[in-house]
C-alpha cells in the first residue's frame, strides 16, 4: 500500500514538488490543519501528519496517537505582502497611500498560523483599529491569495512559498516581510501510530535530509535551526 | 343575438358550427354523447382555442380575426358538467366569489337562491364535503349570482331529484324571461327540454343538424321513438 | 452554555440573511415557476435545466466564480461599480446575491410542481366568475399551491441557513457582516473549540427543529387528499 | 483541454457516488414519503421536521458529526466494527452514507408532494378493480407521481454531485477513493491552478446541463394539466 | 343475500341502514340529493370507515366486529358517480386493468361491450380526452369486465342519450339475470327505475324509509306527483 500523508493546505504544493523525487508511491491528502487533526482523531488512515503549526501535532502526541519522539519542526513559513496594484512594492505603507481604507486579505488568524502571523504584523505596522483598512479573512492562505488575485482585495498577507517562482506573478508585486516582525510560523510534523510506521519513518528521514531541507529554502521556507 | 361561426379542433374531433342563437329565452342543446356539446359551450366561453371563425354577442365581438375578449370580461355564467366550484373555498365563499363583478353582495337574491337550492346547511362546507347533487346546486347558485348576460349550463340537473329539478327549472325560466337572460342549456332529457326550452339545437358529430323553436324541432325529429321511450 | 457576543451576532446575521433570501427567492421563483408550469414554449426545457445548474456546482466552486464575477473585472462587479454600489464580495449584500443563486432551484421546483398540479379547471371557474388574471393568480392559484410554497420556503430558508461553501468563499468572515452561524461554528471546529462547536450546533438544531415543527403544524388542509377528490 | 488521470478518476468517482446515492435515496425516500403523505399519526409533524434537519446544518458541521458518529467511539462506528465492516470514514462507503443523510430531504419532499396530489380516488378505483395494495402502489401511485420522482432524482443527484463540505470532512481527500470532482476542482483553486479549475468546472457544467436537458425532455405527459382536469 | 347493518358518519351527516338486499336482479336506490346514496355504496364497497355494524354478502363476512375484508378481495364492480377511470392509462389499458382478476382477457365479452358502448374509436384515448358521457361508458365497460359478484352503479347513465341508455339498460338486465349478478343501481330517474329494477330502496336523510318490489313501492309512494311529473 502506498504511504498516506496528511498535509496542511499551505504546504501541499511544496510537498507535491518534493514527492516528485521520492522513489516510493505516496498519496497526499490535504485540508486545513484543523480538519486533518479532527480526521486523525477519528482514525483517518494516515501515516504522517505535516501540520501548519506545532499545536496540533503536539496534541496528537498527548492523545497517544503519534510517536512522541517524532514531533519536530520541518519548516518555518515566511510571510509575504502581495499587492498587485502597486508598482515597486517596498513597504506596507504604500498600500495605505495608494488607496484610502484598502481591503486587506489574510488567512483566519484564529486557526491558520499564517493568519495569526499576518494579523500581528498588521497590528504592529498599521493599526489595531480597522478604520484604516478593511480586513477580510479567508479560510486559508490560498483563499487569501485568491481574494487579491481576483481584485476583490487590494492587498494580502500570504505565504511567500505561494508567490516565489510563480511565472504569472512578477516579483515587483510582492515582497518578503522581515521575519522578526511576526511570530514564527513553525510547522510541525509527527509520525502517526499506524501499521505502516516503517514507511512513514523513511519519508520522515527524507524530509529532514540535507537535500530536501536545502530545497525548502528555495521554495520559500526557512529551515529549522536543529533537525532531529 | 349570439352569432357563432367557428371551427374548433380537439385531437381528431372537429366542431364546425355556424348559427345565430336568440338572445332571449332558453335554447336547449341536444345530441348524443361525444357530439361536441361541451366543446361548443367552452368555445363560446372562450376556454377553447378557436381555429378560425368569430363569435359576436349582442353586437359585441367576443372573438374575431384579430383579437379575442378575455374570458373574465364576457359576463358569462357557466355551470360546468363537473367540478364547477373552487375547492379551496367553502360554499359561502364560492357564492361571494361569484359576485365579484357587483359592487356589493346581493343578499336578497342570494337568500332566495339558498332557499330554492336548499343550501342553508351547506354554507360552511367545502366542495369535497358535498354530494354531487349538492355541488351542482351550489354551482347553479354561483352562476346565477354572478349576474351574467349569458348563462351556459352543461347538464346542470343530471344528479338532482325530480321535485327539486322542477322548482329549479321554473326559476330558470322565470329568470330568463324577466331579466333578459338568454340561457344555453345542454341536456339529454327530451322531456326536460320540452317543458323548459324555447329553442332547440341538435348537434351530431360536431355539426349542427337541426335548429328552431322547440316544438317544431321535436315534432320534426326523424326518430320520434326518442321521446316516447322516455316519457 | 453561555453565548458570547460573537455567537449572538452570528445567529442574528444568519436569521436576517435566511429571511431576506427566502423572501426575495419566493418573489423571483413565483413568476419563473408560473412560466415553467404553463408555457408551451420549447424554451421551457432549456430554462429548467439552466435553473437547476447551480445545484451541481460545488458551493466553493460556485463561490469562486461569484467571487470573480463580482470582482472588479467581473461583469457583475463592473455593473455594481458603474451603479456606484461598489464591490459586493465581503458585504452582506454580496452574501444575499450569492445565496439567491445557490438556493434558487430548491425554491422553484416545489412551486412549479404545485402550479402544475392545480390544473386549468379552477382557473377557468374563476375566470368565468369574472376574476381577472391577477385575481385568479392571487385568489385561486396561490392558495391552491400553498403546500408547494411551504415546501419552497422551508427548503430555501434551511438551505440558506446551512449554506457554507459559497459564503466561505465570498464572505471574508467579517464579524456582524458576513460571519454567519455556519462559518462561526466551522471556525470553532477549526480552532479545536469542540465544546463551543457542540453547543452552537445543538442550539442551531434545536432552533431549526422548533421552527420546522411550527411550520409543519400549520400546514394547510390537504386540498386534494379528500376521499372523494 | 487535457484531462489527467486524476481528473478522470475524480469524474468517474463522482458519477459513481451520485448514481448510487440517488438510487438508494429513492428507495429510502419512497416508503418514507408514502408514510408522510398518507398517515394521520401525529408523529408526522415530528418525522417531517426530523427529515428536514440535515438541511440547516452547515455541511462541514454535519460532516464533523458524521465523522465522530462513524469514528471508533461513535455509535455508527461501533456498529460497523461489530459487524466486521471496519470504520467508514475515508472510504467510499462512508461517502455514500454521509451523502444519504445530506441529500435525503431533497428527495423526500418532491415525492411526498406528488403522493399527496394523487389523491385517494385513483387508488380506490384500482382497489375496486381488484388491485392489491402492492399493485396499487406500483401501477397507480408510482406512475401518477412520476413528476415528483423526476424532481426528486434531479435534486438528489445534483445535490450529491455538488456536495463538498461533508465529503471534505469525512472523505479525507484520498485519490480514487474519496476525492470526488467537487473536491478536486476546489483543490485546483487552492493550488492556484485556476486554468485547470475553469476547464473542469466548464466540463461539469456542460455535462450536467446536457443530462438535465435530456431528463427534462423526457418528462412525462402532464397528467393533471389538461384543460378539463 | 346482502345483509347490511351499518352506522356511518361523515361530518354531521349520519347514515343508519339495516336491511337485507336480494342477491339477484337489480335493486334501485332512490332518494333526494344528499340523502346518503353514494355513502351507502361506498360503505358496501369498503371505502368508508364504518362506525359500527356488519356487512355480509352471500354468507361471507365483508365487515364485522373484528375485521374487514380488503376492498380488492370483495369482487365488486363500481361505477362511481364521477372519475371512475385511471387517468394515466388509456381506454384500452383501463379495460385491461379491470380484468386483472381473470387469468386472461375475455376478448369476446370485451368486444361485445366495446360495440354496445361505442368505444371502438376511443381505445387509444386517455380519460382527459373523453367527453363525460364517453367516460361513463368506459367505466361501465370496466365494471362489467371485472367479473364482479356484485355491481354498484352510482347514476351511471346520467350523461347519456336515451337511445344508448336503452340498449345499456337492456344489457344490464340481461347480464344480471343470466349471470347471477346482483346490481345496486342509484338513480334519480323513476321512469328508468320502473323499467329496469326489480327492487327499490328509498333513502331519506340517511335512513331507509321504504323497501320492496319496485312496483309495490312506487305505487305506495306518498307523493305520486314525483312519477307523473317526469313521465
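Letters A, B, C, D and E mark the chains in the order given here, with residues in each chain numbered from 1 onward.
As a working rule, contacts are C-beta pairs under 8 Å (C-beta built on N, C-alpha and C of every residue); 3 or more make two chains touch, one makes a residue touch a chain.
These numbers come from a predicted model, not from an experiment.
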item	value
Chain whose Cα centroid lies at the greatest distance from that of chain D	B
Chain at maximum distance from chain E, centres defined as averaged CA atoms	A
Cα-superposition angle relating the copies chain E and chain B, to nearest 5°	180
Interchain centroid distance [CA atoms averaged], chain D/chain E, Å	46
Centroid distance [mean C-alpha coordinates] between chain D and chain A, Å	36
Distance from chain E to chain C - Cα centre to Cα centre, in angstrom	51
Distance between the centres, which are taken as Cα means, of chain B and chain A, whole angstrom	81
Set of chain C residues in contact with two or more other chains	64, 121, 124, 189, 224, 226-229
Sites on chain A at which at least two other chains make contact	35, 38, 143, 146
Per-residue overlap in chain B, given as positions that touch at least 2 other chains	47, 129
Chain C-facing residues of chain B, complex	45, 47, 70-72, 75-78, 80, 83-88, 97-98, 100-101, 128-129, 142, 146
Residues of chain D defined as touching chain E within the complex	121-122, 124-133, 135-136, 139-140, 143-144, 223-224, 226, 228-229
Touching residues (chain side chain C, partner chain D) in the complex	44-46, 48-50, 52-53, 55-62, 64-65, 105-106, 109-110, 113-114, 116-117, 119-121, 124, 147-148, 151, 154-155, 158-159, 161-165, 181-183, 185-186, 189, 197, 201, 204-205, 208-209, 212-213, 216-217, 222, 224-229
Chain B-touching residues of chain E, taken from the complex the two chains share	10-11, 31-34, 38, 81-82, 125, 129-134, 136-137, 155, 158-164, 166, 188, 190-191, 223, 225-226, 229-231
Chain C to chain A touching residues, read off their complex	64, 67-68, 70-74, 77, 87, 89-90, 168-169, 172-174, 187, 189-192
